[in-house]
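Naming follows writing order (A, B and C), and every chain is counted from residue 1.
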Amino acid sequence: MHEQESLMTYREGLAKAMHDAMEHSDKTIILGQGVADHKGTFGTTLGLASKFGDSRVIEVPLSEEGITGICVGAALNGLYPINTHIRADFALLAMNQLINLAAKYKYMFGGLFEVPMMVRLVIGRSWGQGAQHSQSLQSLFAHIPGLTVIMPASPGAIIDTYAHAVAHHRGPVISLEHRLMYDLSFSSANEPEILGETPFSQRRVARGDDVTIVSTSIMSLEARRAGEWLLDQGISCDIIDLHCVSHIDSEVILESVNRTGKLLIADTSWRPFGVAAEICRIVCENHPGALKAPAVSLGMAAAPCPTAKALEDLYYPNLTTLTDAIAKLVVGKDDHGIKLPSEASMADVYKRFKGPF
Amino acid sequence: MTQSSARQADTQAIPAEVSIALYRTLYLTRRCEEMIVKIYPDDEMKTPMHMSMGQEAVSVGVCKAIGQDGDVLASYRSHATYLAKTENSHAFFGELHGRVNGTANGKGGSMHLADVENGMLGSTGIVAAGIPVALGAAYANKQKQNGRVVATFFGDGATDEAAFWESLNIACSMKLPVLFVCEDNDLAVHTRKAERQGFASLTDVVRQYACLVYEDDTNDVESIYALTRAAINRVLTEGKPAFLNIRTYRYLEPCGTAMDTDAPYRSSEEDTFWKNRDCVSLQRERLLASGVQKDAITELETTIDSSIEASVSAAKSAAHPSPEMLYDGVFHEKG
Amino acid sequence: MTTEHSTRLKNLLRTTLLIRRVEERIIELYPSDRIQSPVHLSIGQEPVAVGICASMAPQDLLFTTYRGHAYYIAKGGSLPKLMAELYGRSGGMSGGKAGSMHLAAPDVGMMGSSAIVASTIPHAVGAALATKLRSSDQVSVAIFGDGASEEGVYHESLNFAALHHLPVLFVCENNALAVYTTLAERQAYEMQSHAETFGLSTTVVENGNDLIEVADTTADLLEKIRSGSGPQWLMVHTYRYKEHVGPGDDFDAGYRNRADMDRWLASDPVLKWPELTQSFEDDVAAEIEEAVAFAEASLPPTADDLLTHVE
């Protein structure tokens, strides 16, 4: 291990980010179901209630819309609320406050108000979570002007971005945290390079010349693993972790696509109307001639999530399908002759494999 | 805890065969979940389990009172409600195993059990989300004038939710034949009512609405059964909804199959109090006291145990859903 | 009536009259299409807003609804900016981005209004949570109509405020109508006892036209809250003279009778003291014309403004 290298899990990154946010200012409050209980939101808010008091770490009723509105009001009156949902799906009960109120409060009043707040959503995917406990809803939120939507894919990204949001960003931030990453360990030496001015910027996971891979959340880890596998076989991938899906720096995407001529998007959600569609829009509108082959996208099957393992494994992309898709795109034919890793289930892999990344 | 002599009078009117049927279903429900606890570590049931254990009397009492003359919707803590309404342990274990013989061909899992033919209209993983759905079903029944009631089961946590209050008002305004069944275990995950609710008594608030209000804290399936029968009669004759607040107790962790008796949110006094009046044991003792022979009970239990074993075997040997089934059931399918 | 009362009543009445005349001016202007926004007029309900706002302290915060003209004016928002906002001009308080339904003036504690029924109620609760954390003597006031009490978020908000003993005053402006639907068609409960069982102290003002009673009751409740009573709930009965949205009357629509309005007209403060009212008319008219002139002269926002303040 390199001297300066340190290891940290995603969960530890979240716990540190929450602690830092509370310590940064006494205006920070955390509200959510389970934030003050003995499990502490999957361990990310453990100990904060006893350290900072239950007036700042607030256990809430199951009242998603009301609590979100309360966050808006608290933000209007000088606090920085962080609202947690142990499943992203539960935030659908708060869509009125998130979309009609929080996202619009600055613009709708011509800049009279700001609503600095953060909503942490856990994408519940592990196994068998089914249709209402596993959804990856980034494009739903990213569609709404006024919301900043992030999908941090490493502890470094969490710590930097949350600190930036709490200290400097004056609008609502929605963060989607992927539960499959919580126990994974990450090496500080591998922290992706930030491709821009602020922690909201895109990140480069790997540099390569044969194909551009734009990925989100845990698919950035999968893209890294696929890229490492393919590098041994002579294919180099330029992997961009989107990180902030609502605010994409087109130049970053176009620079890469211009270089590689090939584009693959690997998202954690459905492909239609989502991140994949948005990246294709950016390329088509700005540089349609850059692509030397049709773009390819991977995401969830266009159905609600089934619980049966036999179907769930088909529902999500995995290392094998991702590597195969990249190989097909780079080689230019289905019969690409590239050896593929054998991994039919991402969830199974992360039960055993805990990193470090 | 109150002891009502009127309630005891009610339960005395319950026929012996009903008492036995109540026990049979309680036992089935309990044993199915004990089977889950036993085989869950084998990792063949890949679905998160929200266990009913401890709370079975609510589902069994209410579902038996409704019988075939009504429909129910469950919360994500759906096992007892599903089994009480359908008694179908085959489809139950099939679904938990993600197989084609499950209630949803393996697509739903533990939180989404349903059996429309037997009046089990589904269960949902979103707190309180099934309540307005029950209103819609009840509205349809009212339009059809078919005399059916719909019971919607939810926990006390659901009464924190906007949808609960909206539904309560709508059901009362529209005079719908619906039973609101609050399985009040005092806990939303690990959080007590006192940490979530600003009001002293939920039923005091609900009494402000134009509905019938019933309460029970006995954990006694016959008491719950009798109370539900009374409620159904009045719902149908008086044309207004009923709200049943039934105190109960969750034995296991909120999600998963382990005991968490030593977790800081628990109290050992409370645990002892409720386990001393375990609903399955209470009913078994009642049968013995009423003169049912021990052998007869044992025989009934053995039969149920065998059928559960058979259900698990059937599930394990049933086919996995085929890849072609992945898109079946999405509302808009490629024509 | 004592002299002191008289001065106080004069002030309250003048504001009431100003709001009435502003709304009437809006009705006049409306056919010209210069007002670029649907309007939910306050006519008939002005005394409620005037009484409540007059009793609020400068540090108190007001969260209100799409029927917000009366509150904006009563709380002390700039009238020229209001007219310019209705005109969709850059001189509006929100540069023409808000229109009639989203009036705000944070400099005077008017914290915004929303077109979604009940949606600002939790904002008042959240603001009160912030106040409690700071231990200041600020109170947040949530204004909503009777229709809002049917919304789930109303219950979520009452519950949280009671649970945390927050310094918030809930004010139900009961005009007995949600758009065109009467209370009996919508509510299977009685609002006051319902709020009581949620753990709130409740008070009812039967005649919202009684400026002094609304003001005194509000002052009393705000004082209780500042002394640590926890949340209070106030219902003020009132009457909407005009259609739900738009400048017209709608007594031919069939959902209500003109006789209902006549009962309210009998206590309408604008009509009750004609001499007093008359003494303000010229002043009020001049103030309104100045505001209209400001709006007329204000420039429309430009393309440069389209994407400012998104985030």
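The working rule: a contact is a pair of C-beta atoms (placed from the backbone, for glycine too) under 8 Å apart; a residue touches a chain by one contact, two chains touch by 3 or more.
None of these values were measured; they are calculated from a predicted model.
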Neighbouring chains shared between chain A and chain B, ordered by label: C
Identity of the most central chain, Cα criterion: A
Pair with more cross-chain C-beta pairs in contact, given A-C and B-C: A-C
Computed distance of Cα centres, chain B from chain A, in Å: 37
Centre distance in Å when chain A and chain C are each reduced to the mean of their C-alpha atoms: 42
Chain centre separation (chain B, chain C; CA means) in Å: 46
Contacts with two or more other chains, residues of chain A listed in rising order: 60-61, 63, 65-66
Sequence positions of chain B contacting 2 or more other chains: 160-163, 195-197
Set of chain C residues in contact with two or more other chains: 152-153, 155-156, 159-160, 163
Complex contact set, residues of chain C against chain B: 150-156, 158-164, 185-190, 193-194, 197-199
Chain A contact footprint on chain C (complex, rising order): 61, 63, 92-98, 102, 104-106, 111-112, 114, 116, 119-134, 140, 152-153, 155-157, 159-160, 163, 308-311
Touch list for chain A against partner chain B, complex: 33-34, 37-39, 59-66, 89-90, 92-93, 127-133, 301-304, 306-312, 314-315
Contact footprint of chain C on chain B as seen in their complex: 160-166, 168-169, 171-173, 195-201, 204-205, 207-211
Complex interface listing, chain B residues touching chain A: 45-48, 98-99, 102, 105-112, 124-128, 157-158, 160-163, 188-191, 195-197, 263-265, 320-323, 325-327, 329-330
